[in-house]
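Next, two complexes with chain A in common: one pairs it with chain B, the other with chain C.
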Partner chain A sequence: MEEKNFKFIVDEREVPIMKFNGEIVFENSNELKETAKEKIRETEYQNLIMDFEDVSFIDSSGIGFILSLFKFLREREGGLVIANANEKIKKSFNITKISQIINIFDSVDEAYNNLK
Partner chain B sequence: MYYNILLIFVSVIIFGYYLLKRENEKLKNTIIEKEENIEDLKKDIEGKLKKAQDVHRKMLPDGLNEPQNFFISDYYKPAEYIGGDYYNLFKIDHEAMDPLFNQYLFYFFDVSGHGIDSTLLSIFINDSIENYFKLRHNPGEMVSTKDLMTYIDQKYQNEQFPDDYLLCMFIGVIDLDKSQLEYSARGFQFPFFELDSHNNINDYSIGGLPISTAIGSMKNFNKEEKLELEKNTSLFFSTDGLFESENENIIYHKKIDKLLKKYSFLPAPYLNDIIQKDFYDFMGDKDNRDDITYLIMDYFDGDVEEGNIFKQNFELDFINDIKENLTTFIKSNEKISSKNNINFKFIDDSSKIMLAIEDKSRKVKWDEFIKKYEFQNEIVFMEEIANKDITKNFFEEAKIYISKNKLGNKVYFLLFKNKSEV
Partner chain C sequence: MGNLLEESKLEFGCKPKIIKKFLEKLFNILESYNTHIENLNFRIELASREMLANAIEHGCSSAPKINSSKSNFKIRVNVKIKNDKIILSVKDPGKGFDWENCNLESELSFAEKGRGLKMINEVVDRLEFNNSGNKITVYFYSRDKIVEK
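Right after this comes the complex of A and B.
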């Protein structure tokens, strides 16, 4: 699951990145949510960067997955930011006004700087 | 000695082979037994889902309460047996003050996912709307879509539903006295379209933060928008399922505005038939991944008549023909005990005449009736267009175009006055 759908990366900057690939849709969003939360629970980290560089599409269940992680990290007094979303996904974020509660950045570096 | 060792070795091999074979048979039988169990369980689940599907279908509105100058046509197909999309339209009840108001509530929503859980959530949303009108709305009060959205959001938050569920919702109030649509929307929504008879198409962006326990109540995000309704226009609403359907890397949203423009001259039931055909041609063998829900509303400018078809006198021969044939058909059909449930709606505008006949008792088998109708050769049945090529002249070829609603209890007859305008 983890290998296939996302990688959990922590480098010297000490903010974990979840790099997803493929689609985040109804069929995989629930499993992704559980695995992602489990991964974060194993650590002490409070913040997370969701890297969407390799994500081609996201549906409303995918939006639900992001909001669920957003709440999960907020309860840990941390934050969630999104980086590298393609134009189609950015459009979905604009329609759903998610960008008003979650910061969206064009690169992982920008996202790091925001979370510093 | 070597002979004895060889004999023992061969015996061990034969015995081992026998044991393995016996174990293999046992395993094979176990697998067959398990497969049969799985098959039985599958059948059991399918049977239960079919029952759930029947219940779910009954939950969906049988027919929408059309305002007088409107024709409304809807389509719903769940991705699985049941789904999380829902829509409804009804006249707002102002009790004794009803004559002073001409308002209709129209809403559709999409609960994320498309299984039993989504259906249960959709029941909750409908109950919340019903409760709003029972507990919060007083007759004579204007309905605010923003307040209703806030009420639903609060009810949803109070139930503490799991945080990965989302509710995307559109609520509109059609006020016919003001010729206005007031609306509020939350969540993932594609724009809705407004089409006029001159092939112009406008889109209206809607959407906003979805209703979700992950973000909590968002009262300040609920906003109201207004759209002036003009006669001779149509509105097209859809949840994301239709627009996001994809084949060969093209999403259907990219195609639909062209189709709507091309067929903007068609009344809602006929445009619905064309969209269904186009969508299934587009999808080919692929199944829809999400529930498909859309609704088309025509706001007509023309003379509208409605009532019981047998209590009305008509000037047009073709309607009198239908009426006469219907009388004979009903007389010959013992199952139809009363003519009281057979109502019509007739619209005559500058370019077309359309007659809708609805049998509320659902006893009239319209297919049988139409087969007996004497103008057979000049009729086109829209339900037969699935495998046909719709050419430019398709709507110039026949005299009468016949369509039906999804329940099959309402039949439409359409005639174009000046075919060169089509």
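Right after this comes the complex of A and C.
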């Protein structure tokens, strides 16, 4: 599951990146939520970059998944940001107004700079 | 009213994998037409996904289990291409819901659930329910005549 749907990457900048691929939708979002949370639980990181470069579509379940991780990290007094969302995903963020809660950046580097 | 160009009546079981199957069929149908509907692919994919997810998650789980196992429940999908609009309806086997008292306006929320209908409402031109609330119909209006390629 994990290897198929996301990679957990930590480099010298010490902010982990979850790089997802495919769709984040009704069919897979619950399982994805559990495996993603499990992965974060194994660490003490407070912040996370969700890299959507290889994500093609997101529905309301996917939005719920993002908010679930957002609240999970907020309990650790951290936060999450999103990088590389395509236009369709940005539309869904705007429709649901979650772009008013979570910062969206055009690249992982920009996201890093925001979390510094 | 618009002239009917094509109608597809489809039936699916209550499994999440039907969503992908339906989208393939839908886009296959749409490929044959020149529509004049802005952002149609994104809007119709999102609406379809949310309508079918609701049917599976709420409709199938609330269906009366009289002499019937869950595997016999069916979701009925109807796609109509008219020369001035596309109409999509999804009917689930459930008891429906109180749609008249449902807030369809998008609002800022940290809740993990409850966005499906609001998202549908944002991307369609018109949305309606049958009386009991187990059938949803959405409309996408074309600014010019839809014609076969």
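Of note:
One rule holds for everything that comes next: the second predicted complex is superposed on the first by the 116 of 116 C-alpha atoms of A that agree within 3 Å, B and C clash if a C-alpha of one lies under 4 Å from a C-alpha of the other, contacts with A are read in each partner's own complex, and residues count from 1 in each chain.
Just so we're on the same page, a contact is a pair of C-beta atoms (placed from the backbone, for glycine too) under 8 Å apart; a residue touches a chain by one contact, two chains touch by 3 or more.
Everything quoted here is computed from the prediction, not taken from an experiment.
With the C-alpha superposition on chain A as described, chain C and chain B clash in the combined arrangement. Legend: residue contacts after superposition of the two complexes on their common chain; A:Thr43 is shown touching neither chain B nor chain C.
Once the two complexes are laid over each other on the shared chain, residue contacts for A:Ile63 go to chain B and to chain C alike.
Contact with chain C, but none with chain B, is seen for A:Lys91 once the two complexes are overlaid on the shared chain.
In the superposition on chain A, A:Lys71 makes contact with both chain B and chain C. Once the two complexes are laid over each other on the shared chain, residue contacts for A:Asn30 go to chain B alone; chain C is not touched.
Contacts of A:Ser107 after superposition on the shared chain: neither chain B nor chain C is touched.
The clash between chain B and chain C in the overlaid arrangement falls on one stretch of those listed (95-103, 131-139, 149-157 or 275-283), that is 275-283. For the contact definition in use here, the residues of chain A common to its chain B contact set and its chain C contact set are 25-26, 59-61, 63-65, 67-68, 70-71, 92, 95-97, 100-101.
Residue ranges of chain C in contact with chain A, taken from their complex: 16-17, 19-20, 39, 42, 45-46, 49-50, 52-53, 56-57, 106-113, 115-116, 118-119, 122-123. Touching chain B in their complex are the following residues of chain A: 25-26, 29-30, 33, 59-61, 63-65, 67-68, 70-72, 92, 95-98, 100-101. Put simply, chain B touches chain A in their complex at residues 110, 112-114, 162-166, 168, 187-190, 205, 207-210, 212-215, 221, 240, 244, 289-290. Chain A contributes residues 25-27, 57, 59-61, 63-65, 67-68, 70-71, 88, 91-92, 95-97, 100-101 to its touches with chain C in the complex.
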